[in-house]
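Letters A, B and C mark the chains as written, and numbering starts fresh at 1 in each.
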C-alpha cells in the first residue's frame, strides 16, 4: 500500500461522510505581515491594534479572507486533489473573530454527490467548518467541485444535489464582529468618509487600481495557506498541460479584489458572508487584476445599530481596467476579461 | 460623487494645511522577518533581542528604514497619488525607538508650494511626522514632490518655498537611541571591529556586494508598507507608459543600499537622520544594486560618550560595481549608473 | 586597511581555530510564517501550538531546517565567502528544541585542513555549533568546503583530515524532542496513519509532488537566513560567470525536499540528525524540484518508547518526476537529474 496520499476520487465519497482534515495551523502576526505584503490590504480594523481597541475589539482580528484561505487549504488533500474544477461557493459565514495565536482546523461533511453523464467525473458538495483551538466555529461554507472518478465503472450509492441559499439572510450574519463602539471609529484614520447610509443599491464603484501578479507571490500565498493543489506549483507538469503554465489559486484573486476594493469601500472592514462565488476564468502570472463592485442590497442587522450590511458584487478582471464595469455580454456569457464574480455581505459602520 | 480616492492635485493643497493620514499600522515581528527576507540586513542590534538587551535596549528595535517606509507609505494616498516625481527628502530625524507591537500613524503639514512655469504642475513640500500609539513622535521628515494640476487654469492662493537645512546638527539627532551600555557591545557578534574612532572624513568604502531585485520582491515590500503608488504594481498600465515597466519604490533602493553598507559599516547600527536624499534615476526589476559610501563628517553627540555620529554619503548604482566609486561626471551630472545619492547620519559605538 | 570583510582564504585557517560568528538572530513567528510561505511544510507539530501542546511540547517548535539554515548562515562570512564549492555535511545533530523568541548564534572550530594538489585551493573542515540565548547547544554539524587561497605560495602549517562518522548512532540523537505523550498524537490531524512500525528498511516512497522555484523565493529565503554567499543574489556578476545565472542555496533544496516528503512521511515530524549530505548538482530558478525517499534503517532510541528513528535517504531531482526513483547510473555517477543526496534520521511516533 502506498504511503502517499492519492486523494479521494468521486466514487470514494458518501453522502453524510464527515472528514476531519489534517494540519491544524496556528496563525500569527507573521501570517498577517505576509498577507499584507501579498495583497496590500488597508482596512484599519485589521491593520491596527490601537484602532481595533478603540471600537471594542481586544486587538486587531485577522483579515477574514486569510482565515478563509487557511480553513479552505486544509480541505484540498481530501476533497479536491483529484478535482478538475472548483465550481462554486455558497453559504459562507464568518462566525467568530480570529486573532493571532489562534489555531485553526477544518472538518467537512459531504452534503451532495452528482455523477456527470460522461461517468468519468462527478460533482461533490461539501460543507466545511473551520474551528479555533476552543472548538468555536469561526467559518463555514459550502463548495462544490468536479472530481475525477478513478474507476469509470464504479457505481454511486446515493446521489443528492443539496439546495443552497442564493443569499444569506441578514439575521444569520455578523457574529464575527463584537458590538462596536462606533464613537471610537475614526473615519479619517480609516481612510474613507463613507458610511452605511452613504451607499445605495445599484451603485457601482470602479476600484481604479490594478495589481500585477508574479509567480513567486501566488506560490508563497498558496503555500502559506498550506493549500497543496498541484496546479499552482509545478511548472514541469503544468507546462505540458492544458494552459502551459501554473494556474493561480482562485482565492488569491478574491484577496486581490478585496484589497483593491478598499478604494471605494474603505469602511466596509468585514466580510461577513459570501453568498456565492465563481472563478469565471483562470488567472496566470504576469497578468494585472482590476476590480469593480456593485451594491446589490443593503440591510440592517437585527438588534444592531453599530453596523449595517451591504450586499456587494465584486467583479475582477484580468488585463482590463474596470472604468466601464465589464461583466456579461449580451449573450449572457461573461466578458472574456472577467475572472471572478463574487456576491458577498460586508459590514460597515453606520 | 465618487467614493474612490482621486488624490489631491497641486491646486488642492494650501500652506499650513494639516492632513491626518489613513491606516494606522501595528508593526510586528512578522514585519521584521519580511524586512530581513527582502533586504538581508545584519546589524546585530535589530537582529537580536539578546544583543539589544546587553546594551540597554528593552528588546531589538525595528530597523529605522522599516519605520520610515511605513510612516511614508501612509502619506501617498493624500500627497503623491498624482505625483510625477518624488524630488527629495530633507531634515529627517528618527526620534524614538519603535518596537514590535507599536502602532504607527502619520500626520503631514503642507509647508511649501511652488507652481511650475508650465502651469501644469507644481512642487508640494510637506513635513510628515510619524507617531506611535502613545502619541510619541518617532520620525519626522520633509519631502517635496512634483504634483499634477487637475485644472491648469486653477490659481494658487499662496506660494512659498521653505528653507530646509542642508544638514541636521548633531545636537538634534540621536533621540531614538537610549544611553547605551557600550561595555555590553560585543564587536565580534556585531561583525565588525571598527568603531567611531576608526573612521575618518573623506574615507570611502566600496560595499562590494550586489543584490538583484525581482518584481515580486519590490511589490511585496511596497505593499508591506501599504504604499499605494500605482507605478509600482500595475504592469498593464506601466507597460504602456514612459518606461514600459513597473518602477521600483525609491525607498526599496535605500533599504538595499543600507543593507549592503553593513559590509564596511557594520557597527553603524542606527540611522539617526537623513540630511537629504535624491533618487537620481529609476530602478527596474532584474537590475543589480551596488553601493559605496563616503564619510562626510564625524561628530560627537552632546552629552553622550556611548556613541558618535558619522555623516555618510551612500551612493547606489545599478548594474555597476562600485570599486571606483562612481558618482558625478566632469559635467556635474551623475554617472548614468547612479540611482541614489543619500546623505545621512549614523550612530556607532565609541 | 579595508573595512569590508574579505573573508578568510585557505591559508588563513588553522587547526583548532575557534571562530565566533557575527549576527545573533532572534527567531520569531514571522520567520515561521515565511518558512511556511517558502516551502509549504505541513508537519502538524511545527504547524500548530495546540497540536504540539497535546503531545507535551510547551508550544510549536521551529522547523528543524529553519534552525539549521539560520545557524549555517552565520558561518558564511567567515568560512565560505571565498569558497568554490560546499562539499558535504556530516554528523549533524539537533540537540534542543528552538521556539519563537529564542536567539541563535554560532561558533565554529576548524577541525581539518587539506590543501589540494594544485596549491590553489584547499578543503576546510569545520564543526559549527548553534546556541540559544541561554548558551544551550541547539545544533552541531561538520561541513567541509573547498576554499581558494589568496596567495598560492603560502604554506600550510598543519594539515589534517578528520574522521567523520558515516552515520550517527541512535543513542546520540533525539535530544531535541521532549518525552512525548503519544496518546495525545492525533494521526488524523497529523495527516498520515503510518507510524514507526509501518515502515520497513528498503521501502521506497515517491513523494509525487513537484515545486518550481522562483528567483524571488530563493533570494528571500537565503536573506532570511542572513546567508551572504554572493552567488545567490548577484545576477550582474553571476551572469558573466560559469552558469550565467544565480545559484540557489543548497539548503533551499533540502527544505523543499523535506516539505515534499510530508507526502509519505507525514508523521516523521522531526529531523533528529543529518548523517551526510551532498549537493550533487546546482539548481536554478525556473526548475521544478521532485523528491523520493528510501528507508535505509530503523532504530529504537535508548530509553524511549514514544518515538522511533527512521534513517532515510532523500533524493531530490530537477525537472524529473521520481516515479522510478532516479539515483545513480551503472557507472556509479549520479543520474543527471539528481541534485541532492541526503542521509538523515527522522523521529516518528510509535
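In the analysis below, contacts are C-beta pairs under 8 Å (C-beta built on N, C-alpha and C of every residue); 3 or more make two chains touch, one makes a residue touch a chain.
These numbers come from a predicted model, not from an experiment.
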Exercise for the section: Using just the Cα atoms, superpose chain B onto chain C and tell me the rotation angle to the nearest 5°. Expected result: 120
Practice task
Could you check if the interface between copies chain A and chain C is built from the same residues on both sides, meaning over half shared, or from different ones?
Solution key: different
Problem - Euclidean distance of C-alpha centroids - chain A vs chain C, Å - result: 36
Handout entry: Two or more partner chains touched - positions in chain C
Key = 28-31, 33-34, 214-217, 220
Fill in the blank from the handout: In the complex, the residues of chain C that touch chain A are 28-34, 36-40, 42, 44, 47-51, 60, 188-192, 194, 198-199, 205-212, 214-217, 220, 263-266, 286-288, 290, 319-321
Handout entry: chain A partner contacts - residues on chain B that touch it in the complex
Key = 2-5, 20, 22-26, 28-31, 33-34, 77, 100-101, 103, 105, 133, 214-217, 219-224, 226, 228, 230, 233-237, 246
